[in-house]
Amino acid sequence: MSEVYKIVSEIERNQIIAKIAKGKRLDGRSLDEYRTIKIETGIVSKADGSAKVELGDTKVIVGIKFELGAPFPDTPEEGVITLSAELLPMAFPTFEPGPPNFDAIELARVVDRGIRHSDIIDRKQLCIIPSKKVWILFVDIYVLDSDGNLFDASSMATLAALKNLKLPEVKVTGEEVEIIKDSLNPIPLKGKLAAVTIAKVGDYLIVDPDSSEERIMDARITVAFNEEGKICAIQKSGESSFRYQEIQNAITLAKNASVKIFNELSKVM
Amino acid sequence: MSEVYKIVSEIERNQIIAKIAKGKRLDGRSLDEYRTIKIETGIVSKADGSAKVELGDTKVIVGIKFELGAPFPDTPEEGVITLSAELLPMAFPTFEPGPPNFDAIELARVVDRGIRHSDIIDRKQLCIIPSKKVWILFVDIYVLDSDGNLFDASSMATLAALKNLKLPEVKVTGEEVEIIKDSLNPIPLKGKLAAVTIAKVGDYLIVDPDSSEERIMDARITVAFNEEGKICAIQKSGESSFRYQEIQNAITLAKNASVKIFNELSKVM
Amino acid sequence: MSEVYKIVSEIERNQIIAKIAKGKRLDGRSLDEYRTIKIETGIVSKADGSAKVELGDTKVIVGIKFELGAPFPDTPEEGVITLSAELLPMAFPTFEPGPPNFDAIELARVVDRGIRHSDIIDRKQLCIIPSKKVWILFVDIYVLDSDGNLFDASSMATLAALKNLKLPEVKVTGEEVEIIKDSLNPIPLKGKLAAVTIAKVGDYLIVDPDSSEERIMDARITVAFNEEGKICAIQKSGESSFRYQEIQNAITLAKNASVKIFNELSKVM
Amino acid sequence: MLFEEKIPEKLIRNDGLRLDGRKIDELRPIKFEVGVLSQADGSAYVEQGRNKIIAAVYGPRELHPKHLALQDRALLRCLYRMATFSVSERKSPAPSRREAELSTIITQALQPAIFLEYYPRTSIDVYIEIIEADGGTRCASINAASLALADAGIPLRDLVAACAVGKADGQIILDLNDLEDKYGEADMPMAMLYRRGDVTLLQMDGQFTIDEFNKALELGKTGISKIYQLQKETLRNKYLSIRDEVADESEVRIEISKEVEEDE
Amino acid sequence: MLFEEKIPEKLIRNDGLRLDGRKIDELRPIKFEVGVLSQADGSAYVEQGRNKIIAAVYGPRELHPKHLALQDRALLRCLYRMATFSVSERKSPAPSRREAELSTIITQALQPAIFLEYYPRTSIDVYIEIIEADGGTRCASINAASLALADAGIPLRDLVAACAVGKADGQIILDLNDLEDKYGEADMPMAMLYRRGDVTLLQMDGQFTIDEFNKALELGKTGISKIYQLQKETLRNKYLSIRDEVADESEVRIEISKEVEEDE
Amino acid sequence: MLFEEKIPEKLIRNDGLRLDGRKIDELRPIKFEVGVLSQADGSAYVEQGRNKIIAAVYGPRELHPKHLALQDRALLRCLYRMATFSVSERKSPAPSRREAELSTIITQALQPAIFLEYYPRTSIDVYIEIIEADGGTRCASINAASLALADAGIPLRDLVAACAVGKADGQIILDLNDLEDKYGEADMPMAMLYRRGDVTLLQMDGQFTIDEFNKALELGKTGISKIYQLQKETLRNKYLSIRDEVADESEVRIEISKEVEEDE
């Protein structure tokens, strides 16, 4: 980071904090206000399931492809969901081409853990012949435009793409699996999931940070809830720490914000 | 590129163009004159087919190894030809060790496309049991000495190595394939292929550029012909463009030069 | 290497040589004296065999995991031993994370060649069904603390870990291999192996160099002996050469030092 | 690909139209949009048939690593990538040789259009993502990238427009779709600085007699001219809409690159 | 893993104890040792349950490659690696995504503890090797790394202590072992600068009601306080033993970081 | 390898000769050629038995990346690669560990021969390509590289000559071929600056008593002396042929490295 950049960044941080101290953010939102959410499904006809989410200016596409394959040895009766994320270099000036870096890995893991522990998908229903043949779902997240809070946007897009996914029926003869043409059905999902990210900026907690807020924030915590209000995943990240009490405040803020996400998801699910 | 190098290169370019304007090139050739071609086959006894081509000072070796394997799912009745190229760091001062760069990939692709679209090899004759067992040919091009026009030299060497290739007979019992010892036969090739490269230098088109001409050229076009005179592949490359009319002139020049290549190939095929 | 570092290194080299010329080394050892050896086995309960060796301050851990797998086609009646080494970046200031560099590859190869050519393990006893199923042993050397002479320390640790290795019994029905639970047995080893490293410093030969001696040495030779006193492997390394006569002197020094290693190994084998 | 594709018996129907109903010299439906991303300096979205492609431009900007910098001009770098779900059979997320090759091909096709000498020691980075592929992605990518460059305000000698020509059932056809690309007799992608008449991309696979080649070259040029007009319209509309927006607020007038505008 | 693991029916026995005999709020046996390596600037060995972990520190030192250097502080880099034989099924020696992820997680957990601003343009490298893994390696690694940093004499705001809490058979439990981690209902690793009350690591997988979460957070803090005390004792003992050694020879007294000592 | 190789019962026939008809202390037929490439600064082609190897030298030249440069001498880098078709079973084109290992071994074998201190901060790059392999490629590569270095006019203390010795059917044999390498009882490649008596490469696999070792060492030295003579002859002939060529044109006389010439 150059010295000049550091000074600019320090000035920017002060401006943002000054505004937040008065209960407002640069784009006019209040501290606990979520940006506009727009969800579309079925946007890629060659994908087996797909969705696009716009969260303010942030744009994320998720596409799913299925394959037949073997289950993991320790879960012989469960299908496999492989989730990965790419932060496309077009999405932000500092994103670079290359294999997934920590941020991309973390993004995929946080979304994956939310989906996994919310029990939204019964992996058993992806099993065809135990220990032999299961559906393998490749869920690929592409961040096209990164204006902050990729965790929440990607989580919504993944859920919507899973809802949009269709799998064919199969005919099993012995160990042979034959796919029945033009027999596509959606897979049942149990409930929904809302991941909500809270950023810490100085002594303040703000909901759904945009990219300028993320640039100057101290730390961040993402909390995923299921529809019953249970916490299914938490991830604190960033170079700084939360005070013990702030953790509890963040959980409350996130819980409140989850309502809006559930509402938006309901429109497509 | 250092400033000094740029100036030197500018001077060199001017010298070459001045000469070309008078109808001659630095090595005495006329604009449409091809260098001496020397083709040898069977130069590596551990290869299943091999050839060496010298085009002026350019030296290229091609070796072929066969393996038994599965066909591609979308061409179950065809064998597989896998062609790759290495620009050995010994071949030119600026060539570097490492995985194939764009130039090596382009070289392999241009040779491959010529071979593929000229229908010289009937891939069906490489099939043993449809969908199960076919011959896989690994055709590897090694550039040892790079004095320009690698496309044409590699294309000739690949053709000669394919002519030199011998495959064993097999005995098929159910799905078992047994290779019959000491039963090697060449594979039938239908016709020949001549790839001819034309470089654009200023307003001039020259045939078979050497490395000094390639260094200062604006752009390049390679055209591959089969023996009937049909075009089987074209590749324009280089950082600059051709005028619309120049494209047609280049095709004519290439067509004329192809005669010499067919003559040389006839000596070994 | 910075100029300053070079001068410091030159001074250090002169000090060490001056001392050696008087028959002593910086840590008080005589030229042909080996450091204290400490060998422990069974130190990692999740490994199938393990050992730790301390040679002075040098610390090496070796762990072995077995798997069922196919033999190499050219040795259908032999199990497979795959040996690799990691020079952990914690072990020395200049060791860097990343794939094995030349030093790590050389370390693994020298240990492997000693084990292989000493015939200590009959690979045939690792065969279950010829051409089909054999035991594959993954022997992994981790250097934790590198105070010189990794070859000898790693060689001892590998031997001790092999002694500590236990394989389960199997029941073979046709081509099915069933592993019998809780039926672990050690594998018989024929004899022992002692690898001894001699460093050349100026005109002197010293046994078991530590890291400061290795830093300033000219070259190094490692000689592995079996219990009958036969040479099973030699590796000369380093940027400089040995005089023809020095080679023979080094062999004699190594032979003498091997006695101590055989003694220490006897305590655990 | 779980359901096997049926190989078509013919690509040109008895009524002389192609399987998708187009005439032999007809382009697929095209949709161009610019300024679709918030962070990039310029961006464009292109649909050409069922191809869905986004291109974004960053630059001219400082270049890392620095030793790649050119003393006398900007370094143009294009990166062509396909989403894993953009094709029938899932594409591995690892960069393929084909992607590396197309990245360079596209760079070479765009390079002659840009006044790179205005920005020595910088880089101009063009990122192209194939969201869905349907034959002719390299040409559609060039069209998208060219729009994104203009949207980023980078001075251009001319827009680059691209289109493939080919041969199917013995006839020369324009703008091949997936099936025609796969089962046709020849495929020849072209790109031109149309107004200047410079050919910056020319590749060919298949078999052409020299006569067929000449005919194809001419048809390609015609297709390119239509795409070129559409690119310019897209930019003009964007420019007008920006002017409208701006006018509402402050009456300030924004000029976009003269190069793009002058040839009407 | 050749012998299949039996999935336990219950994780809490009828007598209220866990399968390894611990109470629900009891830590596993812990062994801390510092200064275990000769070449590293600082090092520590940790056993926590059957976890066996070594951490070593180099730095502050010159940083390669230089362009990574930070102008205003040291760059902290942690590298978490597992030995191939540390787990039931052999781990591939190639670095995994999980290792990359944990390396960053651990870096973030330690970073707030270090006065990085004292050493601009340098690096502080922390290398962690898992010799044997038994659940909760990330927390045990943080404990080891924190000790190694102190052993290297690097000025710290506070020691970082870490411990996981979770849920098994509906009960909130402390310091999960392998089985509890795998078959329990929730796992929440935490790290704190205990004395300062700063949470530097918090992750959760599984399901917690908000009440359970609050209870778990509190139990985690209690576990961390015990580990924190043990870390300090370990350093104090080392410090005393060094003083003894030194006293024998020359009576010179060595001061270790005041930060570590003052809070007794 | 589709046809299985038959393992030979004996390597030494009843008449005391080896399977290829050689005496136990006889070298394989050798062909040395220098100046075989047009672009490289120096080059050599070697056939030793059925080994076919090309070596080329570039340098002393500017070194990239620069941070690898040595302040007090040139950096010697050898790269040993095998063509995919050089061995019975196709070699993967990816660099193998064995190639990396041999590259360093060969660098160490050549390094003591070169006046690297004459060219600080530069690199001398030696590229070796195995066109066909037949046992003993590392020694044949050293012989080729040594000639290429001389051909490039790089000042040498002495030529490096290399040869393997080994054991087969209990006898010490010179210059092992593929079969002897594979099925023999010991293999010991050696390289020397022959005139100086310096051993720059010594490796051994197999089993030797100390007596056998001493005998092998002596036989290796004898083999190396013959190769050394042949290397010098090759260079002398090249030198004469250059002088002839030059004389025809201009009577100018070219001197090649005195080091190479003086010891006749």
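Just so it is clear, A, B, C, D, E and F label the chains in written order, and each chain counts residues from 1 on its own.
We take it that a contact is a pair of C-beta atoms (placed from the backbone, for glycine too) under 8 Å apart; a residue touches a chain by one contact, two chains touch by 3 or more.
Small disclaimer: the values here were computed from a predicted structure and weren't measured.
Student: Taking a step as a move to a touching chain, how many steps at least join subunit A to subunit F?
Tutor: So the least number of steps between the two chains is 3.
Student: In this assembly, which chains make contact with subunit E and also with subunit F?
Tutor: Chains that touch both subunit E and subunit F, as defined above, are C.
Student: What chain is the most remote from subunit A, judged by the mean position of CA atoms in each chain?
Tutor: Relative to subunit A, the chain with the farthest C-alpha centre is F.
Student: By CA centroid distance, what chain is farthest from subunit C?
Tutor: It is D whose centre lies farthest from that of subunit C.
Student: In whole angstrom, what separates the CA-based centres of subunit D and subunit F?
Tutor: The separation of the two C-alpha centroids amounts to 53 Å.
Student: Would you mind pulling out the distance in Å between where the CA atoms of subunit B average out and where those of subunit D do?
Tutor: 29
Student: Could you please state the distance in Å, as a whole number, between where the Cα atoms of subunit B are centred and where those of subunit C are centred?
Tutor: 49
Student: What residues in subunit B touch two or more of the other chains?
Tutor: Not one residue of subunit B touches more than one other chain, so the list is empty.
Student: Pick one for the touching-chains graph, please: line, ring, star, complete, other.
Tutor: Chain contacts: single closed ring, each chain with exactly two partners.
Student: Starting from subunit A and stepping next to subunit E, give every chain of the ring in the order they occur.
Tutor: If we begin at subunit A and move next to subunit E, the sequence is A, E, C, F, B, D.
Student: Across the complex, what residues on subunit E touch subunit C?
Tutor: 2-3, 37-40, 43, 50, 52, 54-56, 58, 61, 79, 81, 83-88, 90, 93, 125, 127, 129, 131-133
Student: Under the touch definition given earlier, write down the residues of subunit C that touch subunit F in their complex.
Tutor: Listed in rising order, the residues are 1-3, 6, 73-74, 100, 102, 105-106, 109, 113, 116-118, 221, 226, 229-244, 247-248, 251, 255.
Student: Mind listing the subunit F positions that touch subunit C in their complex?
Tutor: Residue list for subunit F touching subunit C: 1, 5, 70-72, 97, 100-101, 104, 108, 111-112, 188, 192-193, 197-210, 213-214, 217, 221.
Student: In the complex formed with subunit D, which residues of subunit A make contact?
Tutor: Listed in rising order, the residues of subunit A that touch subunit D are 43-48, 50, 57, 59, 61, 63-65, 67-68, 84, 86, 88-93, 97, 138, 140, 142, 144-147, 168, 179, 181, 211.
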